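Common to both upcoming complexes is chain A, partnered first by chain B, then by chain C.
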Partner chain A sequence: MSDSKTYKIRLEHITRVEGHGSIRIDTKRGQVEEVRLEIIEANRFFENFVKGMFPHEVVQTVSRICGICCVGHQLAGLKAVEAALGLTVSDQTVRLRKLFNESQFLQSHTLHLFFLALPDFLGVPSILPLAQKEPELVKRALALKKLANDYTTVFGGRALHPMANTVNGWRRLPDLGQVEGIYQRLKGAVVEMERMLAIVKTLKVPDYERETEYVSLTHPDEYALYDGVVKSSDNGETVPVQDYRRVTNEFTVAHSTSKWSRWHRDSYMVGALARVNNNFAQLHPRAREAAAELGFSFPCCNPYHNNSAQMVELIHCLHNSLAGLEELLNRGLVEEEARYTPGAGRGCGAIEVPRGILFHEYGFGDDGRCLDANAIIPTSQNINNIEQDMKAFVPAMLPAMGQEELALHMEMLLRAYDPCISCSVHMLDVRFV
Partner chain B sequence: MKPKIAFFDFASCEGCQLALLNCEDELLDILARVELVEFREAISERAVRYDIAFIEGSIHREQDLERLRDIRSRAKVLVALGACACNGNVQARANFVAPAENYKAVYGEAERNRVQTDPDYWPIWSHTRVRAVGEVVKVDYQLRGCPMVPAEFLHLVKSLLTGREPFFPANAVCVECKKNGNECVFDRGQACFGPIAYGGCDAVCVGGGHLCDACRGLLPYANVEAHRQMLAARGIDPAKVQNRYRLHLSNEPGAGEARR
Partner chain C sequence: MCGLSERPWLVVAGVGNRFRTDDGVGTALVEAWQGRKPTPGVAAELWEELDGAGVAQRLIELDRPVLIVDCAELGAAGGHCRLLGGEELLRVVPRNVVSTHGFGLAEALPLARALGFARPLWLLAVQPFATAVGGALSSPMLRALPALGEALADAVATIQGELGH
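Moving on to the complex of A and B:
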């Protein structure tokens, strides 16, 4: 009987997400009394301690906000300091940065989809039992992840906190022989990615929808990952990146050391599902077909389908990278000097990282040193929306589900957002009491 | 019985755990030889006692101190994993500023006052100071670097699994530059921290066209004063040098000189 359901669910230090968070659900006789997503990550104060640094030091440091999105933090930071200093980077640098960014999408989406999210769908606590039950699947997923890491390494010098890219260009250009090697391996991965798609197609996605505002970059000429203006799905309104505060409207709640955001509604969502919803027509044709095969029509308002959207983007980034690398190999590379003179200025930069739109802003003084900094991370924009989803889904799920099933669905929901909590605090545990 | 291995993360980018997941070729072999009992970033299993506990991140709040002491009491061997755990890394720069000022700069004064006095949640808002793991509990081994070096991790685990003492030579980064035939950063006209920094990273940053900022920490015999004099003699502005002493070395005595 649903009216006898009095639950106190506490999911603490939620596993298989990046960072620390907890879910708290209280129901009394079938009525939901409280649903809360607590973000308990310790503060690190990046925005305050980068003060006094020179632009290239700032970029090298903000990479350390997040291990998974380090490439994105570097690129958003570079775009912001270059805007502040009035620098226009070369066409070659932009092409290389776009490929560099796509390499991180391939790495991050593969990690999340096949290592962190998949176990829920297959009913196992982690990838470990899968390594015994389905060793071939795990080995193939590992091979894809390794390929993506090698791709990042060829461009950045290493996969984590790369050092080759810097203000106004590259300290060291990628070796074309190694680029050719990555190109050939990615070509070989096309078939492998189709096999991964076939697996994702078999996963049963929970059937819960909530109408949501989706926010992402959008660009007239391409599926926006590196550049563009900010777009809302609600009214199609677009906002230039330098007016990002009109979008994020950050505020603080006591139960989360990550700030929250809202725009036209109580909350909004960023990430793969937001991008696919906002810019579907610009996806690679094979990625659009894959979306149809995964069984969702657009706009899609089921947050659990963020996993499917990541699969769609994996296919997009693979094909897009192949085209970009082929062009790079045909065009060749010219040595360019990455020099700049520190000076006063203020600038913003935005980029799409795997988890959504990322904003950085810096001001520099006459001595060239950082005066103030602001970084608004995808997960901190999503947390409010995850809690709103929970508030909508818990009453809908409660009549049909027991305590454990309900808790699992909440964990899966949080994981579907692929949250990056240390990043956002610069998020989740389940405890039954 | 297979040794029980656990990973715990405190304030960090969690990149060092990710670096471990990036050992794709060796990962399944290692997993076959150990029992991975806690690894929150990647698995949901949990346990009570550990043969080896890896700690990533620096320690900032009372609740983090308590959690770390509890882990130490249940671990035979405790390893500081990565620069944040070993010396506080970049976030130790926050130690130059009072905690209340840090909260104010990021959240604003009114919001800071509200959350820090919240009856339920004030403990999560009680940052005091960025501490390395070794400032709180006994550390048996350190895997240095930002990020840690997978080869060193594999060496440590293989050694402990076979009952040998792991060996991490205290050589300067310069040794690896010479071995790899890198052009010396000083010869490029730039300032390098390689002479005073722990090697073991294969001088990857210099090899990648950059320079060394000593993310692996100061060598025990580093002559910081001589390094400062050498940079000054080359006409490098001491203020700019001090900036770099406060990138990865803020919490190291004699280098960044943050309040301890």
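Moving on to the complex of A and C:
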């Protein structure tokens, strides 16, 4: 190996991800000395903010953890507080929440795939030069994102930190005229989505594989995005949501303000690729066809294909939403009272959000106020796996790649996971003795 | 303000977060302006919920001349405002965007231009006194609001002259 392969790669504040992280790679005469993904965000303290709040206040507050996954944090919080209070929500509420969640997938995957990831594949540094190079493509992506935001608004009252959804039901049901409008626009978007698929099919995905453990929700009756039990690809083991700590096994490392997770092996992956790997057969038929057209088979162990899996899920969510909205329009909506009585209890909730499985847990005292909270978000589960990918990728590719190419591939790898680093830094449970 | 059937010759858009003290001055000014005697052919919008990509998308959809009213760091005294347009507005340089959380107006305007938004665009920029989280407009900004309202009306009149309406 060449002596010239002595690199000090410092990628400070990686762009086009949510939040702040840095990559550090040191090689000496062709040997890898250090590969680290440093997470440098400050802790967020949301788990402390909600102490003393009533359940309906908790779920509105935790929605603020993330501007991209605000719907998911609200839904996970709702499921957790409803479990704590022993509430079983109506079938109508579940159906509406599932559609609400899919609206967020459409928005978030569009944003990540076409605004954050695509510039790498098309050889431009950001969305601004991409807009100059491929204006029609960016216009289509903007239009899809706006449609998804409007879809969220119809259900939640607004696209960011929606207010219509609450404990045990809805403060305000969606207007069926607006639902019809979204349904028609989503029907029109089927052709646009196929055009986007055609673009994604042309992208050259780096050829790299590392087998890891894939963790997601799974459900016997559907492609699990809203409900289910936790599944590992390693042995097919399933774990009830309330036992989530058996899955996440959080621990700390010195170079990350985000906690790390591991289950059956050193690290595991959550997100689109994990879901598609674990639940491929339950995808919408057109989404399964799209996966084949994208040229990868399942299980897929190439983390760069998380982008492709997001494209597959975009198609799944579009078609699934159309079916769900049509059913909603045929069935109509019934006003239901969304009341509850605060009280003591403890409960957990889990939901799939675009970046992977999200866990929330809350304890409430006799006065109905929150005593403690825990939120484990997908990126904090993925950070460890990303670093393990980097540690395997760098020595494998070092003989063939120069410094710039290696650095680009590390950035692309991190971006492929669609990390939300800001949200990953939840509070450390420090006990002084 | 124009009727629904009429294409406005100008859209005045308020940008800002009303829960972040003077960051909300753009929305406060446009809201107050909406309550005044309407200017024929001028529409007003509040862009409180739009992120940078949403602003670019909205500009393209509107395809009309737009005056954006927003809080901005001008290096001036609090409550000072400036109307920026044309070449001057092009000098609003995008920052080094480290995440989509940082994708704001400075990025939205060149994105809209790159995507074909070719209409005239102005920014009425207002220097804040404070931008702390969790409060309404600062007391000095509240006192400055009537004068800023007049500045907004003057800006619309100036633009009206420039556009020949």
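Just so we're on the same page, the second predicted complex is superposed on the first by the 422 of 433 C-alpha atoms of A that agree within 3 Å, B and C clash if a C-alpha of one lies under 4 Å from a C-alpha of the other, contacts with A are read in each partner's own complex, and residues count from 1 in each chain.
As a convention for this text, a contact is a pair of C-beta atoms (placed from the backbone, for glycine too) under 8 Å apart; a residue touches a chain by one contact, two chains touch by 3 or more.
Since this is a predicted model, take the numbers as computed values, not measurements.
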Simultaneous placement of chain C and chain B on chain A, clash or fit: clash
Partner chain(s) touched by A:57 [first = chain B, second = chain C, both, neither]: first
Contacts of A:48 with chain B and chain C, given as first, second, both or neither: first
First (chain B), second (chain C), both or neither touched by A:255: first
Partner chain in contact with A:164 - chain B first, chain C second, else both or neither: first
Touched partner set for A:111, first chain B, second chain C, both or neither: both
Which of chain B and chain C A:208 touches, first, second, both or neither: neither
Dominant toucher of chain A (residue count), chain B or chain C: B
Touching partner for A:125 - first (chain B), second (chain C), both, neither: first
Chain C-contacting residues of chain A that also contact chain B: 13, 15-20, 67-68, 111, 115-116, 126-128, 131, 135, 138-139, 142-143, 145-146, 149, 158-160, 422
Contacting residues of chain C [partner chain A, same complex]: 49, 51, 53-54, 56-57, 60, 94, 96-101, 107, 110-111, 114-116
Chain A residues touching chain C - in the complex, by the definition given at the top: 13-20, 67-68, 111, 115-116, 126-128, 131-132, 135, 138-139, 142-143, 145-146, 149, 158-160, 422
Chain B contact footprint on chain A (complex, rising order): 13, 15-20, 38, 40-49, 52-54, 57, 60-61, 64-68, 70, 111, 115-116, 119, 125-128, 131, 135, 138-139, 142-143, 145-146, 149, 156-164, 166, 170-172, 252, 254-255, 257, 259, 422-423, 426
Footprint of chain A on chain B - complex, ascending: 9-19, 21-22, 24-25, 27-28, 31, 36, 39-45, 60-61, 64, 89-91, 93-94, 96-97, 101-103, 105-108, 111, 114-115, 118, 120-121, 124-125, 127, 146-147, 204-205, 207-210, 213, 240, 243-244, 247
